[in-house]
Amino acid sequence: MSGRSVPLEIGTAVGAADEHHVQVRGLDLVDDLIGELTHTEVALLAVTGRRPTPAEAKVVDAVLVSLLDHGLTPSALAARLTFWAAPEAIQGAVTAGLLGAGSVLLGSMEGCGHLLTDIAAEVAAGAGAGDAVDTRLRAIVDAGERIPGLGHSLHRDGDPRAGKLLDVAREQKVAAQHVEHLKLVVERAAALTGKALPLNATGAAAALLLEVGVPWRLHRGFALMSRTAGLVAHIGEELEAPIAPAVRAALRAASRIESEV
Amino acid sequence: MSGRSVPLEIGTAVGAADEHHVQVRGLDLVDDLIGELTHTEVALLAVTGRRPTPAEAKVVDAVLVSLLDHGLTPSALAARLTFWAAPEAIQGAVTAGLLGAGSVLLGSMEGCGHLLTDIAAEVAAGAGAGDAVDTRLRAIVDAGERIPGLGHSLHRDGDPRAGKLLDVAREQKVAAQHVEHLKLVVERAAALTGKALPLNATGAAAALLLEVGVPWRLHRGFALMSRTAGLVAHIGEELEAPIAPAVRAALRAASRIESEV
Amino acid sequence: MSGRSVPLEIGTAVGAADEHHVQVRGLDLVDDLIGELTHTEVALLAVTGRRPTPAEAKVVDAVLVSLLDHGLTPSALAARLTFWAAPEAIQGAVTAGLLGAGSVLLGSMEGCGHLLTDIAAEVAAGAGAGDAVDTRLRAIVDAGERIPGLGHSLHRDGDPRAGKLLDVAREQKVAAQHVEHLKLVVERAAALTGKALPLNATGAAAALLLEVGVPWRLHRGFALMSRTAGLVAHIGEELEAPIAPAVRAALRAASRIESEV
Amino acid sequence: MSGRSVPLEIGTAVGAADEHHVQVRGLDLVDDLIGELTHTEVALLAVTGRRPTPAEAKVVDAVLVSLLDHGLTPSALAARLTFWAAPEAIQGAVTAGLLGAGSVLLGSMEGCGHLLTDIAAEVAAGAGAGDAVDTRLRAIVDAGERIPGLGHSLHRDGDPRAGKLLDVAREQKVAAQHVEHLKLVVERAAALTGKALPLNATGAAAALLLEVGVPWRLHRGFALMSRTAGLVAHIGEELEAPIAPAVRAALRAASRIESEV
């Protein structure tokens, strides 16, 4: 193989570096960011391209805290089993846990963000909020799909995290259009389906992220930021008090060749 | 297949949930954490099992901010190419980027954390700090390995992030034994190798994480938390101003069948 | 944390083991499979639950061979960059490449398999094949979506792999209903869209996998089996003749801080 | 952001494509490979750069078959849990399973391949085989490490797959130097440690891969090829007879908030 010289024209506005400096969104990492802003604030800066207000940072911290851990989830177990088998590669273990952030679990955040974005677009085009919500919800229900952001398989009477997230947004005066639309979604969903479908944490999180300027396509990315911390905590516990050996023993028992009688 | 009932005995102290509550390390997520602590503070709580002081949180925020982005890295490109090919699964794109957090790049953080932990253990067992450092460094150099936490392929005259991280730790009065040992490592490494090997960001980050109680086995995990945010920002940019098509065109040109003459 | 004993009832019919034996789908790995069947044959056995005929194995080998490599793809580059950064964890490098098997690239295999499965179901319910094809294609086109399995950004005049795959299926007498439906899809798609949309390799592969009994939900899984081999070959080349350093240098140049004039 | 044009010089000898052809290692995919060779043969061609003999293909098929499945392993569970949470991204589920191919499980294949490569190098340099084996084994044992390729936590009296793999290699006349060295390793390990340490499947697989020209750095890659098929089979079963809900329920019970008395 002999290499060939090919032209490549690419660039980024996220970050830059040279021998003596590193920049994020044009701000100097050393002079302006390290020691000055929190990780959450710089994450928002990197994603949105502008420095968040203290209120916006507080709201996003609330979102990230709310999704950080939920006990022994399938994701936490996938991470711990992978770490047990490949302890030299913690990045693989965290990754195995993050790959469970799909449509069934954390993906509802993205779905709810998409829904609220569509509603806001219709309102901006002149529709009434109630009509916009109804139209969208009916389309979802007619397609036999679940309304994203509502209901929870454990917190059946209501997800305790959801109300608190909306409280924080209101206190920080960040709650606006999207939170209003979300409340309409909850109301109309009950009317439309005849079932109690309380708001869950991913639904509230989606509304709050939209309020601070994070587009719905990246909402699941914030769930990943949040969950990475929880997975590292589980891996740390696996080092001290492993559960993988007990799980492996149970799996072996469950798939043991049955002896003939 | 008929399922079999197998016994399983497992548990966790990281988090817990029931119908009405979620807990992290025994604290109530809604009453004590959401809206009260930052994501970085709850990450530390989850990992170490105790609520961090404001100074500790500030130091860890500095660590997380320092590693969040470094322009168009191989990891950022892997994430952006994966997102282009599988835009419906952002978790796959982020993890493709995280899987590059191996021995060559962010792994040096873990290596330096391990080195400093070993030095501290020898000092605790009665050795002088200088002797402990010399013994370890000589073993590394004799094995033909690189001293972790020193040197940088771009920041050859010194990594601007490293000094700032130590400044933050000193201001927050978090710098103690491990920072002292790290300074000795830098001094002795120069003497031992005859080369200028300035401290880099991962070396400083490792010392700071040890000072706040994060064991070295989890240091790479903090790099993953940090980098996840940067990768989400790159994926957001890929949505707006994609570079994957240009990279793909260059790759095709480079692996095009050569026509015979 | 004290562990709790919880009941777990699970099982599998894929494989089993005890101290002296390993079984796949009830066959003894040592007596019946190792040295007796090819990897492709045992893969089919494991997935479908029955031992494939030689003709079926030949067809699936053709499918797996056809997708094994396509030069320097974005996936191959993602794998090579990840291996360069984390050479101690080849599993991470391979998976960084596999995570690009999403909707834009290999996912069309799944989409085409789904389409053909739906058509076959309508035919089984009494519809004429032509009508079933027309109904489905019109729904896809009306939704503004691309017809899966047709067209290729490089092989614009026709994907050379597709025709050969259908030839192999015909020779092996494996081509039946699904291949017929696929030919109708190609014909009607041209009529419906007014564009030449030649069959591509993933479309042909989907039809062949359906003929041998692999459900469409697993088609992308066969692309992963195939591509894993190609990625290992690229990683092997990266060990001998790395391209990651050149790519990294280009990335650094592209995201270098611009000096002010 | 405005893109910048940067030079890039890269190439590959693995594969190539243009509008009308695809090549692997210079052979035409359509004319020479699809329908002519098995997936295993083309995998070997892609990795080693030369077309394997039928005997070599048979031996590698035996290796791939031997590692394809082992019942409900931690890897299979990680894949199934991830698929349950993200069923739209099967590549993520397979990936979660493959990431468990680390040092503790399939990594021993790489370790044993490395050991045998080192022994062969010493023999090539003039050492006696017995001495070369003894020197290496003593170094491993002195370092407190496990001898790779020996012992198995379930198959304590001997791994049934290992002997069969060596039988296949002998029948195919592929067994040569590395198999001889492996037998010496087994003999001397028993003498050196005083423990019965029977050969396991990964040890035999490593010797066979070396005999056909696959370098040890890629041995784990062949385990990934093999295991991908088994993981797809488990995911297929998860579609029909899911175990994830039972596992999730057990996890929830194990991390349920304990009510106070």
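Per-chain numbering from 1; labels A, B, C and D assigned in written order.
Here is the rule we go by: contacts are C-beta pairs under 8 Å (C-beta built on N, C-alpha and C of every residue); 3 or more make two chains touch, one makes a residue touch a chain.
What you see is a predicted model; the values in this text were computed from it and never measured.
Between C-D and B-D, more C-beta contact pairs join the chains of C-D.
Centroid analysis (C-alpha atoms only) places D farthest from chain A.
With centres set at the average Cα position, the gap from chain A to chain D is 34 Å. Rounded to whole angstrom, the centroid-to-centroid distance between chain B and chain D, based on C-alpha atoms, equals 29 Å. Centre-to-centre separation of chain C and chain D, using mean CA positions: 21 Å.
Counting partner chains per residue, chain B shows two or more touched chains at residues 1, 3-4, 6-13, 15-18, 21, 71-72, 76, 86, 88-89, 91-92, 95, 99-102, 154, 237, 241, 243, 246-247, 250-252, 254-256.
Per the touch definition, chain A reaches chain B in the complex via residues 3-4, 6-22, 24, 29-30, 33-35, 37-40, 42-43, 46-47, 58, 60-62, 64-66, 68-72, 76, 89-92, 94-95, 98-102, 110, 154-157, 160-161, 164-165, 167-168, 171, 215, 217-218, 220-222, 224-226, 228-237, 239, 241, 243, 246-247, 250, 253-254.
Contacts from chain C toward chain A in the complex involve residues 1, 3, 8, 10-12, 15-18, 21, 23, 86, 88-89, 91-92, 95, 237, 241, 243, 246, 250-252, 254-258.
Residues 1-13, 71-78, 81-82, 84-89, 92-93, 95-96, 99-105, 107, 154, 244, 247-248, 251-252, 254-256 of chain D are the ones that touch chain A when the two sit in their complex.
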